[in-house]
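There are two complexes below, and they share subunit A, which is joined by subunit B in the first and by subunit C in the second.
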Partner chain A sequence: MSPRTWRNLKREFRRSALAKVGAVLFGGVVLVAVFAPLLAPHNPTAQHLDLEFLPPLGFSASRTVSTTQMVNGSVETVQNTTFVAASPSYPLGTNGLGQGVLSRVIYGARTSLVVGLLGVLVAAVIGVPVGLTAGFYGGNVDDALMRAADVMLAFPSLVLAVSLVGLFGTATIEVPDPWVALGLAPNMPPTFTIPGTVVLVVGLVNWVWLARIARGEALTVSEEEYVKAARSIGASDVHVVRKHVFPNALTPILVLATTQVAAIILLESSLSFLGFSGTTLSWGFNIQNGQSYLAEAWWVATFSGIGIVLAVMSVNFLGDWFRDALDPGVEGEGGV
Partner chain B sequence: MSDDLLRVRGLSTRFFTEEGQVNAVEDVSFTVRDGEVFGIVGESGSGKSVTALSLLDLVESPGRITDGEIWYRNPELADEYSGEFVDGDFVDVVRLPKRARRALRGPSFSMIFQDPMTSMDPSVTVGEQIAEAVEVQRRASANPRSTRSRTQGYGLGSLLLDSVVPTREYVSDESWARAVSLLEDVGIPDAKDRAREYPHEFSGGMLQRAMVAQALAGEPDLLVADEPTTALDVTIQAQILDLLREIQDERDTSIVLITHNLGVIARMADRIGVMYAGEVVERGTLADIFDDHVHPYTRGLVESVPDLDDPDARLDPIEGSVPSLLDAEMDDRCYFADRCPKAMEECLEDPAEFDAGDGGEHTAKCYLADREYDESRALADGHFDEEVGDGE
Partner chain C sequence: MGYARFLAKRGLQGLFVVWAVVTVVFALRYITPGDPVAFIAPLDAGPELRQAIAESYGLDEPLYVQYGRYLWDLAHLDMGQSYARGTSVSAEVLGALPVSLELAVASTVVAVVISVPLGVVSAVNHRQPTDYAATTLSLVGISTPNFWLGVMLVLLLAVQFNVFPTSGLAEVNGETVLFVDALRHLVVGETRWLVEWLAHITLPAVTLGTYFTALVTRLTRSGMLEELGESYVTALRAKGLPEALVRYRHALKNTLIPVVTVLGLQLGTLVGGAVITERVFDLPGLGSLLIDAINQQQWMILQGCLIIVSGGFVVVNTAVDALYAYVSPEVTAE
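Take a look at the complex of A and B:
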């Protein structure tokens, strides 16, 4: 990035409150995701059936247990209502398997972030070269590539994603957790599960958007005199695209890629909510898990929902910041 | 007399647009000799720039060279190929494979563009852009037959590595050093430091010098300069022209200088081609064009320049404007006839290229080169207006 880009980013950051909120929130999500094993009070996958549905701190819950007893020769159902108190070691309560909600929300941040970033990477690796090629060559190449992209757009993304996951199955990649490997978090899961299929699928669903913007930019940049000048010194097409078209088309692509992270986090949550995930340590999975108990144990689903909202919001604020700082079209808006 | 370097014969470049076929360059022929400056002069839209781009095969879709030959003297290239498009030491580059044509850009032909501010990539330092031109040639010549040289070091592996490590340098230290020395050659002070600056930190004149350095990186036989001074201040213009002259003298580089500015042409060119509506209407030596011109268009051009010795003289502008180059609207006639004060009935037929001088190289596409003006055959003043009226 050029010094000017930095200057614009800094100036817009000073000016925009939302940019600051976004940066702080996103920084928080990243920290939580990276240090999850050190921050989580409990192993998020360990089950304690005696500790099911503990309420979050500051709340209490009553639980009605029905038992059948013989009373005076007849069978009667007796309802015993017991009072359940919150436990200080489970600040956000527990779910139906006695797993700490806080620990699960913390680990969920990891999955969301990893899928969001890797997903956008997959989308960019496919979309950006396709878009740059289409925009640079134009004509028939452009038509062929972009019509193919349009076909992808015709499918609703969730339907497409679900069918693709159904097609590929849910392959996962187990990555050793460095903190556990270093012995700093002995009770935590030794590996972290990256839902590989989900990463691929969210990338396959979203590459079209990046391809379209890359194509549009490449189309404009290719018209520039300096592209012709680069060709006049004998540079190959690959060279011209890599060294002159791509860097000058990069800004809008980056802005879009940022907002795509948010879209992908949402898509990942939807997929794991529907059960197409491959990992249980996901906000979407937690919500799905908690939705049947919303009346009795609202906290199981709610805190993961808040996690999604904060993560998506923070990324969108970042996207707005980048857009306002880097896109010359909206530069004047804040009154320079 | 020096030898021919480039013989352009019957070159036609057309654009196939949605409005129809545009004949931007039509049957253009000229010769460029070793170490000379060949000037192409004409109004906007006369096809000068497209001619320049055609020489380097840089015409972009929907444009295409549809006809003609560009014979280029290069014994090594001639040895490498055989066939109809090789004639002694000359090779017709139009018929060369695409890849071989690209390989000529840099070491054989290179180009200086009109506006240095838009012809330099704003996101790359000036030094790097010149070093890049050196590096491209270095890599291509390192191993001419390998695929790596065809893609200039862009194997899939290096492309990936390049994307992962964005700071990875494309140019080698030697290429950088060469770039700095080229910048010194074109007269940029503190070249070493300035090479690290971005184009927006340069003034227009300095940047045009850098463009010249970039064009020289491949040590070309022919430098095509497309309006190299038009975007510059008058004082800077002279400096750039001096620089081009210096290069031509020191390196014996031939230059094709394209401009609408007759002053520039008069100062620089050895021989001149005057273009109008995609055609070369008159060509000859500097003296032929300025003093012995035959074509009324050339006359119009020369007379529309103020004469310093006679500042009170009335300037004679050429009435009207350049005709449409749409194929559908062009009929076979002299395209200048509608603006020509001496149009005759025969001008409704396409004139041949007549010898306009003493059997030398002075030619003109005008019947006046062949016969005297005959007032009795003059076209009526409103002749072409009516014709347009009929069409509507």
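Take a look at the complex of A and C:
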């Protein structure tokens, strides 16, 4: 990163309140995701059926249980309404399996962040080379690659993602959790599940956007004098793209990649909500789960959604900050 | 380049994309794991039965014959028979389409009705409390997953306060009510159908429309701000045109052209959002059909949904481009 880029970032950061909010929020999400096993009060997958549907602190819940009893010689159904008090050990309550909502929200941050970052990486690994090649060579190569991109864009991303995950299945990668391996969080799940298919698919459905921006930059840069000069002294195409075109295209790619992280976090939660995920430690899964008993336990669906909103908003704020700082040519939309 | 030539070129391009989409969908079946015969045949089917099934569905023929027949049938709007149910896929898809279209149109109406005035008010009151409130709201709006918003709306307005029904299509006398049915009854003076329809469509439309409301508010606001700073606006004000006319007759009109384009481009998001909204509210539209088809491994129905959704998307995008070129002729000049 050049000193000028750094200076622009810092100046914009001082000026924009939203950039500060975004940085703090995003930092928080990263910390929660990294230290999840140390922060979560309970194992998010362990079931305690005797502790089902505990309300969050400050709330109480009533539960009506019907029992059949013999009353004066006849069989009668008796309805008992019991009050359930909140437990300080489960600050956000529990779900129908007695799993702590707070612990599940904390672990959900991990899944969202991992899928968001890995997904954008997959998209960049496919999209950036394709875009640079198309823009650098132009002509027929460009036409062919961009028509392919048009075809990709004809499939709405959620529809394509759902179909691909549905058809290829939900393969997962189990990664040992370092905190548990070190013995610092003995009661937590020993491995963390990365929804592998989902990561690949969200990358696959999003590469086009990165390809398009990389192509646009490559088209402009290829016309620059220094690129022509490099070519005239016999530099190979690969060398020119690596040394001149790519570094110049990097800033807009990074700005777009940031907003893509937000889009991918939303896409991942949508997939989990629809039941195509591979891991149950996901905000979208929790919301789907909580929808089934909204009347009894509103807290199960509510808190995971707040997690998504905060995470996506933080990334959007960072994206606005990068765009305003690095790309003054682009008209800002917000500007509070 | 004239408008006619532009239309022809854009139309050909659209046709190519539709063909490519259809081909990709056909190819998907052969690159995904799972033998199509296995989708249809019972688990204990012997080789003879499998062979018979393959023959009756044409699955034993060479790939190019299958592909040729597939294209031929599609050209005749025949998307084949569902393997498991034996029903016509075209009928299933066309039956589900109105529910999705209704949802899409209703949410677009919600979005436009709220967002354009909000964006204008925000721009006119630049850097004042109203502006900050609108900007903050739209920032939250574009970061909220629509399915969660839907669940929260149900929690608040259906479960807690019982203002709206939680899910499903409107029903009167045991018959489902779509917008056309509501209109038909309204013409003869019966409002009950329309009321029922409105009660059932409101929460889904708001759920799906919120993201677009937020997006279009941002676009309208920044567009208006830009237009109000243009010199033609100063000229109009200088010649004494009332401020209302300057704002709405001139500045707003110029703002709306890019807004319409973005709405066209975001159609894919709308369709994707419709899929998930239908799931939240248990509406029997294309999205529900698609998800069920995936869960039950109903290849033919999945194929039909993908073709209709993507094909429709390409057609609408081409139409938006044509419209855009018509209102701003410099586009055809490239």
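Note that in this section the second predicted complex is superposed on the first by the 325 of 336 C-alpha atoms of A that agree within 3 Å, B and C clash if a C-alpha of one lies under 4 Å from a C-alpha of the other, contacts with A are read in each partner's own complex, and residues count from 1 in each chain.
Here is the rule we use: contacts are C-beta pairs under 8 Å (C-beta built on N, C-alpha and C of every residue); 3 or more make two chains touch, one makes a residue touch a chain.
All values reported here derive from a predicted model rather than from experimental measurement.
For the composite obtained by superposing both complexes on subunit A, the positions of subunit B and subunit C are free of clash and fit together. When the shared chain is aligned, no partner comes close enough to touch A:10: not subunit B, not subunit C.
Contacts of A:269 after superposition on the shared chain: subunit C is touched, whereas subunit B is not. Shared-chain residue A:313: touches subunit C; no touch with subunit B. Ranked by how many residues of subunit A each touches, subunit B and subunit C are led by C.
Contacts of A:138 after superposition on the shared chain: subunit B is touched, whereas subunit C is not.
Using the contact criterion defined above for the overlaid structures, shared-chain residue A:298 touches subunit C, although it does not reach subunit B. Applying the stated contact rule after C-alpha superposition, one finds that A:167 touches subunit C and leaves subunit B untouched.
Using the contact criterion defined above for the overlaid structures, shared-chain residue A:228 touches subunit B, although it does not reach subunit C. Of the two partner chains placed around the shared chain by superposition, subunit C is the only one that A:156 touches, whereas subunit B remains out of contact. Nowhere in the superposition do the C-alpha atoms of subunit B and subunit C come closer than 11 Å.
If you check the complex, the residues on subunit A that touch subunit B are 2, 138-139, 224-226, 228-236, 238-239, 242-244, 247-248. Per the touch definition, subunit A reaches subunit C in the complex via residues 18, 147, 150-151, 153-159, 162-163, 166-169, 262, 266, 269-270, 273-276, 284, 287, 290-291, 294-295, 298, 301-302, 304-305, 308-309, 312-313, 316, 331-334, 336.
Contacts from subunit C toward subunit A in the complex involve residues 13, 16-18, 20-21, 24, 28, 32-34, 132, 135-136, 139-140, 142-145, 147-149, 151-152, 154-155, 159, 218-219, 221-222, 226, 267-269, 271-273, 275-276, 279-280, 290-291, 294-295, 302, 305-306, 309-310, 313-314.
Remark: subunit B residues 53, 56, 58, 60-61, 102-107, 110-111, 113-115, 118-124, 129, 132-133, 136-137, 140, 150-152, 154, 159, 162, 170, 198, 211, 214-215, 217-218 touch subunit A in the complex.
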